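Two complexes come next, and they have one chain in common, chain A, joined by chain B in the first and chain C in the second.
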Partner chain A sequence: MPIIRVEKVCHTYSPGTPLEVAALKDITLEVQRGEILALAGSTGSGKSTLAMMLNGLLVPTKGCVLVNGQDTRLKKNRRDLWRQVGLVFQYPEYQFFEENVFKEVAFGPSNMGLPSAEIEERVNRSLEWVGLDPETIRQRSPWTLSGGQKRRVALASVLAIGPNVLVLDEPTAGIDPAGKRQILDLIKNLQKKRDLTVVLITHNMDDIARTADRLMVLDRGTVFALGTPGKIFEDHRGLRAIGLDIPYAAEAKSRLNSAGIPVQTESLNIAEVEKEIIKYLRLKKQ
Partner chain B sequence: MFDGLMVGQYIPANSPVHRLDPRTKILSMLLLITAAALAKGTGFLPVAAVSVFALLLSRVPFLFLWRGFKALWVILFITFILQIFFTPGETIYTAGPLTITKEGLLLGGQMLLRLVLLILISSLLTMTTTPVGLTAGIEHLGRPLQRFGVPVHEMAMMMTIALRFVPTLLQEAFTVSRAQQSRGAGLSGVTLERKFTALVSLMVPVFAGAFRRAEELSTAMETRCYHGGAGRTKMKLLTYHPGDYMALAVSLAVPLAVLALRLSGSNGG
Partner chain C sequence: MKTEQNFISFDGVSYFYEGGESPAINNINAEIRRGEFIAVLGANGSGKSTLARHMNALLLPSRGRVLVNGMDTRNADKTMEIRRLVGMVFQNPDNQLVAALVEEDVAFGPENIGLEPGEIIARVDAALRVAGLENLRNRPPHLLSGGQKQRLAIAGALAMRPDCLVLDEPTAMLDPGGRKEILSLLLNFKKERGMAMVFITHLMEEALLSDRVWVMARGRIIADGSPRQVFRDTRLLDNAGLEPTPAALTAARLKKAGWDLPDDILDLDELVDFLCRL
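Presenting the complex of A and B:
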């Protein structure tokens, strides 16, 4: 059974006014337990709206969302959804409000009404998961941390709640390349070792190539494509037309192929593509 | 609540009222409001007639006005009730300690009408004038005050910026509130203490965001060499057209008519 089912969902903002916007039109999607599903689309494609539906912050105007088989249209189901589906917003560090990192990360668990020993344990554990040393960082003010550290503290503050599903909205936006890699590796690790299901929202195609098992591409509120990233990236014309890019490796492959140099690999890993090119060059010399 | 419409929000359209010079609309609004405040008995007729005519001309859907009224309905109703019960005079109806008087009913009705007209007239101004147009108009009309050392341009600029950032900050407050809800803020069976923390978790990031934006904006303004109003030229110059003179003449006639009706004393009141 899929952990999340999105069934024929439509969503309209400010219905019945001149400011009416149809953000989602008839979206159907299943998120499988333990996978990393990427949601891509240019600005205004509806991906953030969809994200907010996954933990019940928004209720679809039409259709339904089932999380663990529970319909989010029911208020009773929606109330405790934040414990099951952790949502990390865009630039989550803008939501910091506590004086130190410990209290910031403890906000979620204390809202769950847990005993303080348990809160302490969860905070330490989730800080370790995101690669921060709880002892040295817990008393620091979240405002004094570096960009990458802030982002990881924000991630820890959601992980401390202990969700089964993690929804991340542009987790690498505004972070330097090294920090980006760290965060993506961390997400991949969490999925493998902690058995988390991850929904990754981004328009960075290299991030998707690096992490995602499956990919859904949205275009102005409709599903443009749904499948494995390797397959979807073959249609680079279509993706360009809706304002998206293709990953560097896919781009290199497609240009070489159209120049008559065959590069036969399904992989989107740049190192794999490199190997193929070297193989081709060796063959040519002989 | 946040993605709905606000009372008096600008509603884009191309109507004769929208095309009027902002100064005309500000002055007309002041004249009509004065008239509404002075009116008694039949004096309400010209005010109501002109306001409703302007509303029809503006092509603002009735629905929007209704939403604005809905927010203020409670205040209007309480005012009406208080007037009915607490005005001494000829008793019409008694319910326990409360008595309704004829004078109370009349006074209450007039007060209600007056408030409805005030809301109608002022929202007509803001619904048909862009915030930028509004501040340009105020700045222009306030120019004579500059002689007395009033920083008119700076005040108008502050008003423009404030108006510009209302929706932005609302949006941000909404996002932060959703983000904190995702961490369980202000939900199921909370104690007072946790409710307070939930409030702090909303206020601190919103204030921090406002300061961040203020700093960014001031940097952006300085890099564009903004140095206040002196010697600054306008892209959109305000000019009066024949329609403006007509609107002003009508608006001026209204309070005069109201005064004339009051002085003639024909309506008692």
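Presenting the complex of A and C:
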């Protein structure tokens, strides 16, 4: 059963003015419980607009969004929606304002009026979930942390609210390769071990290849493709035409094939492509 | 060392943030020549942004000195001139936009330095064209998408016609197509106008296009050379918390599996070419 249903959603900014922009046009989407759904699209394709609709920060001008059956248009549902669907914005660390990590992560649960023991427990648990040691990090100023650590603290502060769905807007932008890998592994773990549903908004096709179960590609407010990443990434030309790219493994596969080195795997895992290369080299040697 | 060509030079520069125990950048000695394209790579916290902010006097050295076109950045009388010569674009565009309309935002800098209206219009048009924002010129910046805002920040900097443009991960929020497009437009602009460019990035494929790469780690420049020289040194990259290009990694793994591949494969073209010739 889908946890989020987006039904024939349209969204127009500044309607009826000369600045009118149709950001989303007739979008229908079901986010399944426990999946990692990636949302890709070039700049201005409507990804972030759609993301803000998933927890009622923005309400569609036409159509509706249902989260666990609750309509985001109804005001009485909003408070609950914010708790169920956690939104992590681009560069979330720019929004830090507390003096230490504990207070930063405790901000959400404190606002929910939880007893202090429960707050304590939630902060510790969320920090552990993002791979940070609560004891050593809780008193540190968020500003003294590395880029990757800051990003994980921001993630923990949303997890502390206890959402079922995490919406992540470019979670690895501006993070170095090692930090990037940690964050992607972490997202996978949250899905597998904590049963979270994840909507991952990104321009990074390799991040999608590495983590996503399904992929929706938006182009100027409409659905360009919806399906498994493996299938969608076969359309190199189409994706490039709308300003996207394909992951390294898919690119390698296609270049090798057209150079006469047969690579038969469907996988987007580069290790599988390399196995095929070795097979070819062995045959050639004989 | 101090030839005519050195546009910016760092002489033994260290910088300590308030309360910081170790320097964010440590004894930097380096030069940027006129018209040169330098890519700066390094893990988060390696000192890249601190280094960049010294190039137009946004930060002043705790030790050592920075000269821009011969002017010491610590000389407050020269700050305005230095900032006109060296433009800066940051990662987060929201902090850099000031006006109510896109074109006004781009015109803000040129107006502030008192240019003629005709000149302002010419510069704004050219900058909007380079950034691919011509058809959005009459929109309010807050209605732009994240990537469009980033393009706008770049246009604003270009309209000042700097001799050197310092970009701190300006493509982090752009889609792959936009990223390639902006970089090639910047390269054209650089070629036409002889503008130097310092480009901070995490993306090896962007750094491959530069004349010179600086690799930073723990506040120091630990490598300074052509992209080819620097990228084949996997131990150095590892030490800096960086990853070789994906094609180099594939080549390295094939090598480990017992196949004889050269060390200097950096992209897929080179990899496929070599495999075909085997």
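Just so it is clear, the second predicted complex is superposed on the first by the 286 of 286 C-alpha atoms of A that agree within 3 Å, B and C clash if a C-alpha of one lies under 4 Å from a C-alpha of the other, contacts with A are read in each partner's own complex, and residues count from 1 in each chain.
Following the convention adopted for this analysis, a residue touches a chain if its C-beta (ideal position, glycine included) is under 8 Å from a C-beta of that chain, and two chains touch if they have at least 3 such contacts.
On a predicted model such as this, the values are computed, not experimentally measured, just so you know.
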{"item": "Combined model on chain A: chain C and chain B, fit or clash", "value": "clash"}
{"item": "Chain B versus chain C as contact partner of A:Ala173, first or second or both or neither", "value": "second"}
{"item": "First (chain B), second (chain C), both or neither touched by A:Ser14", "value": "both"}
{"item": "Winner by number of chain A residues touched, once chain B and chain C are compared", "value": "C"}
{"item": "Partner chain in contact with A:Arg194 - chain B first, chain C second, else both or neither", "value": "neither"}
{"item": "Touching partner for A:Lys62 - first (chain B), second (chain C), both, neither", "value": "neither"}
{"item": "Partner chain in contact with A:Ile277 - chain B first, chain C second, else both or neither", "value": "second"}
{"item": "Partner chain(s) touched by A:Gly108 [first = chain B, second = chain C, both, neither]", "value": "first"}
{"item": "Touching partner for A:Lys231 - first (chain B), second (chain C), both, neither", "value": "neither"}
{"item": "Which of chain B and chain C A:Pro92 touches, first, second, both or neither", "value": "first"}
{"item": "Candidates 20-28, 38-46, 146-154 or 218-226 of chain B: the single one with C-alpha clashes against chain C", "value": "218-226"}
{"item": "Shared contact residues on chain A - chain B and chain C", "value": "13-14, 19, 94"}
{"item": "Of all residues in chain C, those that touch chain A in their complex", "value": "42-45, 91-92, 139-140, 143-148, 169, 172-178, 202, 241-243, 246-247, 249-250, 253-254, 257, 259, 268-269, 271-272, 275-276, 278"}
{"item": "Residues of chain A that touch chain B when the two form their complex", "value": "13-14, 17-19, 52, 55, 57, 79-80, 82-83, 86-87, 89, 92, 94-97, 107-108, 110-112, 157-158, 161"}
{"item": "Of all residues in chain B, those that touch chain A in their complex", "value": "3-5, 11-12, 175-176, 178-185, 187-188, 190, 194, 197, 200-201, 203-205, 208-209"}
{"item": "Contact set on chain A toward chain C in their complex", "value": "13-14, 19, 21, 41-44, 48, 90-91, 94, 146-148, 170, 173-179, 203, 205-206, 240, 242-245, 248, 251-252, 255-256, 259-261, 270, 273-274, 277-278, 280-281, 284"}
